[in-house]
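Each in structure tokens, the structures are laid out below.
There are two complexes below, and they share subunit A, which is joined by subunit B in the first and by subunit C in the second.
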Partner chain A sequence: MTELAQAVVNGLQMGFLYALVAVGLTIIWGLMEMINFAHGEFLMLGMFGGWWLSARFGLDPLLAIVPIAVVMYAFGMLVYQQLMRRVQGGDPFTQIFATIGLLFLLQNAVVAVFTSDYRFVNEGLLVRLGGAKVQLVGLTFAMPLLLAAGLALLIFLALYLLIERTEFGLALQATSEDRDAARLVGIRPQRMFAMAWGLGAALVAIAGAILVNFFSVYPQVGLQFTVMAYAIVALGGFGSVLGTLFAALLVGVIQSVTVVYLPPAFKDAFVFASYLLIGLFRPQGLFGRF
Partner chain B sequence: MARIALVIGALAAILYPIPLQIQGTTYYQTVGFLVLVNAMLGVGWNVIGGWAGQFDFAPQVFFAVGAYTAALLYVKLGLAAWLGLLAGVALAAVLCALLTYPLTRLRGHYFAISTVAIWMIAQPIGASWEYIGAAQGLFIPVKAHASVIGAALSLQFAGPTKAMGYYYAALVLFAVTLALMALVERSKLGYYFRAIRDDQEAAEGIGIDSRRYKVIARTITAAVFAAAGVLYAFWALSVFPEQVLELNWATLPIMATVVGGIGRLWGPVLGAVILIPISQIMSTTLGTGPLAGRGIDLIVYGLIIIVIAAFRPTGLLSLPWSRWLRIGRRRAAGAPA
Partner chain C sequence: MPRISLRLIALAVLIVAALGVSRTAPAQSKITEVLIGSVLPLTGTFANYGQQYLWSAQTAEDIVNNDYPDLQVPLGPGKGFPGLGGAPIKFIVRDDQSRGEQARTIVEQLISVNKVHWINGEGTSGITSLIQPVVESAGLPMTCHPCASPTLTEKGLRWFFRTGPNDRTMVASLFTFLHEWRDKGGPANLKTIAFFMCDNLFCQDNRKVASELAPRAGFQVVLDLTSKTGATTLASEVQRLQAANPDVLFLVQYTADTNVFQQDAKRAGWSPKVIMTSNGAYSDETWLQAQKKSNGGAGWLGRDPTAIDLVHDRPAWKKVNEIYKKYSRGQNMGELAMREITGLLWMADVINRAKSVEPAALQKAANETKMGPEQLIIDYKGVQFENGQNVLATGVVTQIGWDGEKHTLWPWDLATKSGFKPVYPNPSWQERDSKPKPS
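Entry: the complex of A and B
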């Protein structure tokens, strides 16, 4: 019983990190209705950024979040303006192909620069906290994961306020609802799309810079996270930021509870099985608005 | 014009290994083998992706089903590869139909993600199922065959003629696939597929059961992948999860289809002829230099796909070749001597 409760608690903490991985896709896919199969590659770039800044300049990956977010915001806008804008109006298939091309390009550009070796971060606050633990009502919380989860939650809340409470967020939602009507009230849709891509890329790269404290990074790390992010966004109901958070927590719990009872290889299988079941029986997602 | 091109192409494909065999460079025959396998897979993927318009991201699951079925039947029961191929294709078709029917409730990229989910679930099953060898997989022992016919009947080529034998085996399977898909393209089935792709509601309006025909389309794709999987297994002499469930078995044929021309019978063939050798040429030219094994070929693939998607999403075959070629000929004829 304690084992199960512990697994649930661990899963919830991972869930906050997954929420940050997925929410960039909530914006690009859920809200702006564009496909991005290179989402995990953005995460991989964030992870590599965190590792490289730490290995080369001794920068704590948690502090590296700032430069990584800025660079990836610009990169996301660039991807939209140079590539996705061209394929936006056409067949949805073309968007899939364009981003698969991007996936190959980014993944292998990183192979070319850094090789396919596994890299680990061995400096920084979370690494130093190492085995530090907190005991609470019979459950153990590992300090690094607890801190990371808290940080992810903070960033997530800031994003929630940005989307729900600011003029920028409202303009984004307006573009998502009705592009032509948005143009009539003075919103430039192209700009909103570019900013959505910038925001999406920056968020997932931030998630990468946090995750690199826990997982090794290698150029092919992205795809599993892409699929997980798609599962989370679909579970959460497209375009719903809070739905994404709940779905990510659920995915974290499913994963860590699965590991208690089944071989670790199956830890993702049940996440995807639940995506299939919900996709078939509740296509609008668990928390969808539609 | 098209018929002449077909005859020339067929002759070139048949004669290709002979000078190489005399010269003793089996390497380029293996390149040819890989081109044919990927062309065959692309032609198969075109049915679900190009005609029925459903993005299937996980046909490699059925590639693996074919490979495992034939390898198991051979290793455990001593059943010949071609019989294994029939069994593998049949099993993949049944499995695909059962798995795909519920998925067809989903449309667009929701369908695409659901196929990826199936692949993600297949991987741990392949890696932990003891009966099929778990992560180590199965090894296919080579049997020496005295005659060419014996080798061809058991799909086991060895020694200096190995590359040539598998090249021709791939050519046969590719030709059969292409001929069958040409029939499908012109049959009622082919028109139903394209009707669903172009406008699902309208297709349903005239009485086409869209879910049923999507299942049929994906089952045809799965059958082609399973057949190629069997060929690959006997070529590689082993089957293990990381090899047959690799994503490249989906991405390379899909890329070939897109580059050549999605929804066109010959599109994947052209795409495979262009794309597959790039990777082989790169690995020979880069040799053991500093950039060897750094995925430069895949960077080039990525760039090609991005350029095609951004500027000509209907692929190279959709370019106005006939007009260009005619103008070229007229100029040549009218040019002053």
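Entry: the complex of A and C
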């Protein structure tokens, strides 16, 4: 029983990290209904940013979040204005291929600049706390993951308030629901889309700057998270910030608990099986609306 | 109908004639350059390995095409191939993005469009096994020197050669060491073992070999786990390993997954008495260098094709390393690069001895190889083939010390030369944190 409870705790801790990775996609894909296969590469850029600022200037990756978020916000807007705006009105396949092209461009640009070497962050608060843990009712909570989870919760809260309680958030939702109607009330849809891309890129890059404390950094690192992020957004419900958080925690727990009882190869299979199962009863996802 | 048949016959005659001319043409004309088709994973999952193979190819090309009078390796002194009138070597390098189907297409193009004389690659056993049939049916010599999967040379292929040791040799070294260690003052209480492997051909071949050898070496296998490559968390796997509590963990994972394992094991506070590994991260120079900042690799033992701490004293190794660093942005040759360069220089020797780029002549010269250890930058006993496998390739057991460097533990004669005292038991995470870091 303790074994199962510990697996649930481990899964929840990882779930918060998954949630951070997926939430940027919730904005771009879920809310604005645009496909971005380069989402993992935005994460990779955030991770490289965190590593580079740490290796070059000794900056703690947690502090590097601020400059990385600013740069990636601008980058996300640029991607929309220079690439996605041009393909937005076309066939969805155009968006798919445009972002797949962007994926290869970003990956190979990073290979050209930094080579394919694996990079590791060896300094910073979360790294120093590496082995620290808290024991509670016989269960072990890893301190770095607890801190990361706390940070993730704060970011989610801020994002929830931004989307649900501010004029900007309402304008985003209005643009998503009916672009022409939004225009009639003075909202500039193109600007909202650009800002959504900026926000999505900044959020996933923040996730990257946190993840760099736990994972090695290399040009293809985004791939292992991208597929999971897509499953989480679909499972949680398109455009739902709370749904993303809940689904990410669920995915973390499913992965973790599966491995306790079955060969590890099954853990991703069970994540997608749960998506199929929930999709049968709630095709709009757990917190989604039609 | 008769007119169509006549046209078809005429066309067939023309094609046969053209093929006949094209097959005989190279033998008649002077060889201006020797083309090596090199398919490598320069991007994608295995890009980190691919770039080391690229630097190795550049190093070999440099050595063959330029005059290094004092360099005692094949084709070191003199420019180009003396046996081919001084013709230079040229590597045509293509990136397969770490994808098998892409590698197959590239190899087909290299053979039919670029007309290469030899295929080298792909650097990973799994993808190499996919391209072997293409090259075999084309009847061209092919090599993959760092590929360690035994199956690659056990399929009865006539055109595939490997100078490096396979996993059967190298994993056997590990278990022989563990078995003999008891009699050499090592711990007598190592009785149980767990396997934790990735899911591709290389890892699973390691698993199969280890499954055979572990009971013979007196170990009880208490857990056998396989994980999917590219894991975001291995916390539950670590939980199961911790519950099984093996004395020895045999871990075969690539760099990114090894790092995830280290993080999760540290969080769980789990450290078995011995962690031994095979290739993967242990062969990755970037992983090794990163461990110096955290003591993360101290005490890990693994297999290598050479006594890596002793090889540095060889003048040829030093010179080749200098050349390698011109291409690797200053990075030293890791053991993968050593295996690859050794193999590429042997290939150059074969081409030179064949005095031809005809596949049959190259195949004959490769099979007739009898190369002594004095021409190698690595500790093999030499190069000599049986069924495409160099039977003189050896395995060595090394361990990462507190200095972050690898030291030889086995064979015992080399271990004596190395003079290294093994780190045992595998240090706890607290000890790793508290000890001074090498860099």
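Note that the second predicted complex is superposed on the first by the 276 of 290 C-alpha atoms of A that agree within 3 Å, B and C clash if a C-alpha of one lies under 4 Å from a C-alpha of the other, contacts with A are read in each partner's own complex, and residues count from 1 in each chain.
One rule holds for everything that comes next: contacts are C-beta pairs under 8 Å (C-beta built on N, C-alpha and C of every residue); 3 or more make two chains touch, one makes a residue touch a chain.
Given the structure is predicted, the values throughout are model-derived calculations rather than measurements.
By the touch criterion defined above, A:263 reaches both subunit B and subunit C. In the superposed model, A:175 lies in contact with neither subunit B nor subunit C. Using the contact criterion defined above for the overlaid structures, shared-chain residue A:280 touches subunit B, although it does not reach subunit C.
Of the two partner chains placed around the shared chain by superposition, neither subunit B nor subunit C is touched by A:88. Within the superposed three-chain model, A:140 lies in touch with subunit C and out of touch with subunit B [touch as defined at top]. In the superposed model, A:272 makes contact with subunit B only, not with subunit C.
Contact with neither subunit B nor subunit C is seen for A:26 once the two complexes are overlaid on the shared chain.
Once chain A of one complex is fitted onto chain A of the other, the partner contacts of A:111 extend to both subunit B and subunit C.
Of the two partner chains placed by the overlay, only subunit B lies in contact with A:100; subunit C stays clear of it. Within subunit A, the residues touching subunit B in one complex and subunit C in the other are 107-108, 111, 115-116, 219, 223-224, 263, 265, 268. Of all residues in subunit A, only 3, 6-7, 10-11, 13-14, 17-18, 107-108, 111, 115-120, 122, 130-131, 133, 140, 142, 144-145, 214-216, 218-221, 223-225, 228, 252, 255-260, 263-265, 267-268 touch subunit C in the complex they form.
Only residues 42-45, 47-48, 50-51, 199, 225-228, 230-237, 239-240, 243, 255-256, 259-260, 263, 266-269, 284, 286-287, 290, 293-294, 329, 429-430, 433 of subunit C touch subunit A when the two sit together in their complex. Interface residues of subunit A facing subunit B in the complex, by the touch rule stated above, are 29, 35, 83, 86-87, 90-98, 100-109, 111-112, 115-116, 219, 223-224, 227, 230-231, 234, 263, 265-266, 268-269, 272-273, 275-276, 279-280, 283.
On subunit B, the positions that touch subunit A within their shared complex are 49, 53, 55, 102-103, 105-106, 108-110, 112-114, 116-118, 120-121, 123-125, 127-128, 247, 251, 254-255, 258, 262, 291, 294-296, 298-299, 301-306, 308-311, 313.
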